[in-house]
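Labels run A, B and C following the written order; every chain starts at residue 1.
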Amino acid sequence: MSRVMSSPVARYAWLAATLLLLVLLPLTDSATLINVATKCLIAGLFAMGFNLLWGQMGLLSFGHAAYLGIGTFATLHMMNAIDEGWGLPAPLLPVLAGALGVVVGALMGWFASRRTGIYFAMITLAVAELTHVIADKWQGFFGGEAGVRSIRTDWWLFGFQDATSVYYYCLVWSVLLVIALWALLRSPFGLLMYALRENEERVRFLGYRTHSIKVVGFAVSAGVSAVAGSLMAFMNESANASMFATLTSAEVVLNTVIGGSAVFLGPALGAAFNTLFGYYIGGLSHFWLLYQGLIFVLVIMYAPGGLGGLFSGATRQAREGRLAHHAPAYAVGALASLLIAVATITVVELVGTVMGSSYRVLRLTSGETWPPVSLWGIDWHPLGIGTFTFVLVLIGAGTVLLRWAMASHRQALDRIGSET
Amino acid sequence: MLTVNDLHAHYGKSHVLNGVRYQLKPGEIGTILGRNGSGRSTLCKSIIGLLPPTSGSVNLGGRELAGRAPHEVSRAGIGYVPEEREIFLNLSVDENMTIGRKKGIPGAPTWTPEELYDLFPRLRERRRVKAGSLSGGEQQMLTMFRTLLGNPLMILIDEPTEGLAPKIVGVVRDTVLEMKRRGIGVLLLEQKLSLALQIADHVAVMGHGEIVFEGSVEEFRANHEVRTRWLEVS
Amino acid sequence: MVMDYFLVSLLNGVIYGLMLFMVSSGLTLIFGMMGVLNFAHASFYMIGAYIGYLCSLHLGFYAGLVIAPLVVGALGVFSERLLLRRVRPQGHTHELLLTFGLFFIFEEVIKVFFGNFAVPYQVPAGLDFAAFSVGSIEYPFYRLFIGVVALVMFVAILAVLQLTRLGIVVRAAVHRSDMVAALGHNVPTVFTALFGGGAALAGLAGAVAGAFFPTSPTMASDLGTLVFVVVVIGGLGSLSGAVVGALLIGVVTSFAVGLNVSLASLAASLGLGDTLTQMGGLFTVSLSSLAGTIPYLLMLLILLLRPSGLLGERS
């Protein structure tokens, strides 16, 4: 669907603007921002690799943490080797890590691709769990709880001792790989991968060995993930086996779905969104993971195309001059979502605070009353009628507005449908 | 009366039913003949709701059923006996019968398991056996009995005699005649001309998702052109 | 001594397996009927444990055994009816992703209410004693209690599925839900009931097991993948397969935990010298710590060699 591309000029304008922004970002001279941006790049690249399987071939992997982790630990050990005097040029680390990822991915892909659908997902899950258990126990290679540490070594004219240089290092690699992925998807082989998703039997009848196509796709996907892992090792200079946990595999699924798997850069967008979300909202609230989960479920239910799908849908409407038809619905929908979000956040934060241990102490010292909780600069009485009214009014108003927005959106679509 | 009017259905993008019109009264045996791919089975599935029609009407005694869920169509009094005898292989014969049991609509003929077993005693002997171990003929009878226990007013039977021994075909015929005797409207959908022509009250022929011929058995026999063009494999 | 160890491990394994079955049975039937692999199923187990804990604080432990399955069952019905059903037209992968999101949300909601760490959900004093002793090992009565509850549930599930009409409809729908619908059964409603029933069972398992094992926000993810292993090994959609898979995984993990030998020491005792010890790496890791790999290895083998599972009836 959203494979329908926007007009080339507009698309390249967007890309160029984004790229320019990324290149100029270190001018802000904020180490935190640069670090977060580096994390966004790495998570984005990982999601792009993952999406080669999911978006292009319809194969859902629940075990991509394994390939990320292989890239990370291989790189850490190589960095240690460089430190001990091996003449390995640092900028080439991702190449070797990626190659390892491709090899391991080809092997695992050979097994996993023998099955499809849920069975494919289960195989990837089993492989990831196996890798996790082994990584946990094999202290010699994965370093146990302390993990493996290393340091970046400068190479030739390049110094890698500050956040900015690491950022550019990651940016260059990410951009190169994203271009390569773009070329791959555009190539006859990329079309074959897509055809496979649509109708595997037909591709087989045309004389292609579909299993081999899947294995290659899996290998490339694992290779890109391993490069992301390598960049991660380069950035953090350390890692431990906990990165093999299911959570890492889960995050890349979350990122990709929230970003939108059918839009080329959707996964990267989702990864950036979630990384920023984790960093900034995570700093504000203990419960940011819950909010992220809620966003994920809302996307699945109401915007299956993800953020990328919404974005490309809106630009397409703008280009065809139809955005005006939809604008009122979008604005009201956004307002309604905001109201519901504020109500939800209020409830979660109040409940979370009231159930917390520090509040329990507060209650004891205040003689078992319910002291007010401060949020949005207001003091809320946990059991006060005002609190309940506020939440109920917001949810009520939000629901009414949302229903109106959805009905109006549908009408606009019908109107366009009847015009064409 | 079952009235199908201008029924259209699609499989993905291919248009498989192209405005089918058909009528069947209670106590009547109608047959629709057609080659594989003519839309025969799709018509059944669209009427019963397994493949929701894209447009058109399915009406039973004044009640509109097109687009309803299969269980609603079934409860409205239309029974369906699929081709391939889709019995529940992992369940016993009795359990298969249990699944079919339901209260029919008022006025529909009713059946009990024992009556049905009387029509084909071999199945009674094997009632505790897993249905998966039955022979093809036994499976066909079980599929029909299972549907009859739902006390339908109309019944659609897809390919009732495909691959069956002549003896079993006789049992199928007797059962269908018994349905007619009790007042059920029976629609037989067949590829070959075997059973249908012996017992049908009227004949229709389907091709390319449409009814291309309708008439009495005699008219059909006389119409050489319809037979060669739409039915016989050249 | 070896015999004692063997007996205790076997008993532990069987009881753990029975408990795994309580959680897996709903999951496998739900998959069989609608092709949905419910990622959030183990969350129902976790929520059951927390509700059991809440009840034990205010209403008593036994009240929890009744309330937990009811509340969790209702939550299951709610999730299916209001959420899962809406994405069904978009296909199984979307359903899978939705349950994946629910799994995430359930865990975080539990953290909002109960914090990140385990809560002190205790075995009630009346059940907290040694049932018997094997050699020097005192065997806790509560383990037997878990086993008995699981056995009773097992018999009840079988009775419902074999003897009631609803049970027969469910078994038929696991194989051909479209035919069941064409025979006049409201399959979506039956599925909602099954989803709720499966959730309630998992909730009960949580309320019972949570008092003995730690009740913490990670208990869903800890058990979740193991439950997948059970249903995959048994054969997705096969109830008898879930029994076999659950007992197998229960016993295997229980035995492996006690094995305090490494591949290297094994090789040494076979007269292969200490070459493996010198090679180090994985070979010197004790087998018990690699025990965790066994379920996943089994699962991989099954998926590759016999994807319909040990007792699966569909290919």
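The rule is simple: a contact is a pair of C-beta atoms (placed from the backbone, for glycine too) under 8 Å apart; a residue touches a chain by one contact, two chains touch by 3 or more.
Given the structure is predicted, the values throughout are model-derived calculations rather than measurements.
Participant: What topology does the chain touch graph have (line, ring, star, complete, other)?
Facilitator: line
Participant: State the pair with the higher C-beta contact count; candidates are B-C and A-C.
Facilitator: When A-C is set beside B-C, the one with more contacts is A-C.
Participant: CA centre of chain A versus CA centre of chain B: separation in Å?
Facilitator: Taking the mean C-alpha position of each chain, the two centres sit 52 Å apart.
Participant: In angstrom, rounded to a whole number, how far apart do the mean CA points of chain B and chain C lie?
Facilitator: Roughly 44 Å separates the two chain centres.
Participant: Averaging over Cα atoms per chain, report the distance between chain A and chain C in Å.
Facilitator: Distance between chain centres, rounded to whole Å: 30 Å.
Participant: Please set out, as single numbers or ranges, the residues of chain A touching at least two other chains.
Facilitator: Not one residue in chain A touches at least two other chains.
Participant: Looking at the complex, which residues from chain C come into contact with chain A?
Facilitator: Of all residues in chain C, those touching chain A are 31, 35, 37, 83, 86-87, 90, 92-94, 96-98, 100-102, 104-105, 108-109, 111-115, 221, 225, 228-229, 232, 236, 280-282, 285, 289-290, 292-293, 296-297, 299-300, 303-304, 307.
Participant: Which residues, counting only chain B, touch chain C once they are in their complex?
Facilitator: 48-50, 69-71, 73-75, 80, 82, 86, 88-91, 95-96, 98-102, 146-147, 150
Participant: Could you list, by residue number, the parts of chain C that touch chain B in their complex?
Facilitator: My answer: residues 165, 168-169, 171-172, 175-176, 178-188, 313.
Participant: Which residues of chain A touch chain C once you look at their complex with the stated criterion?
Facilitator: Touching chain C from chain A are residues 58, 60, 111, 114-115, 117-119, 121-123, 125-127, 129-130, 133-134, 136-141, 246, 250, 253-254, 257, 287, 289-290, 292-294, 296-297, 300-301, 304, 348, 351-352, 355-357.
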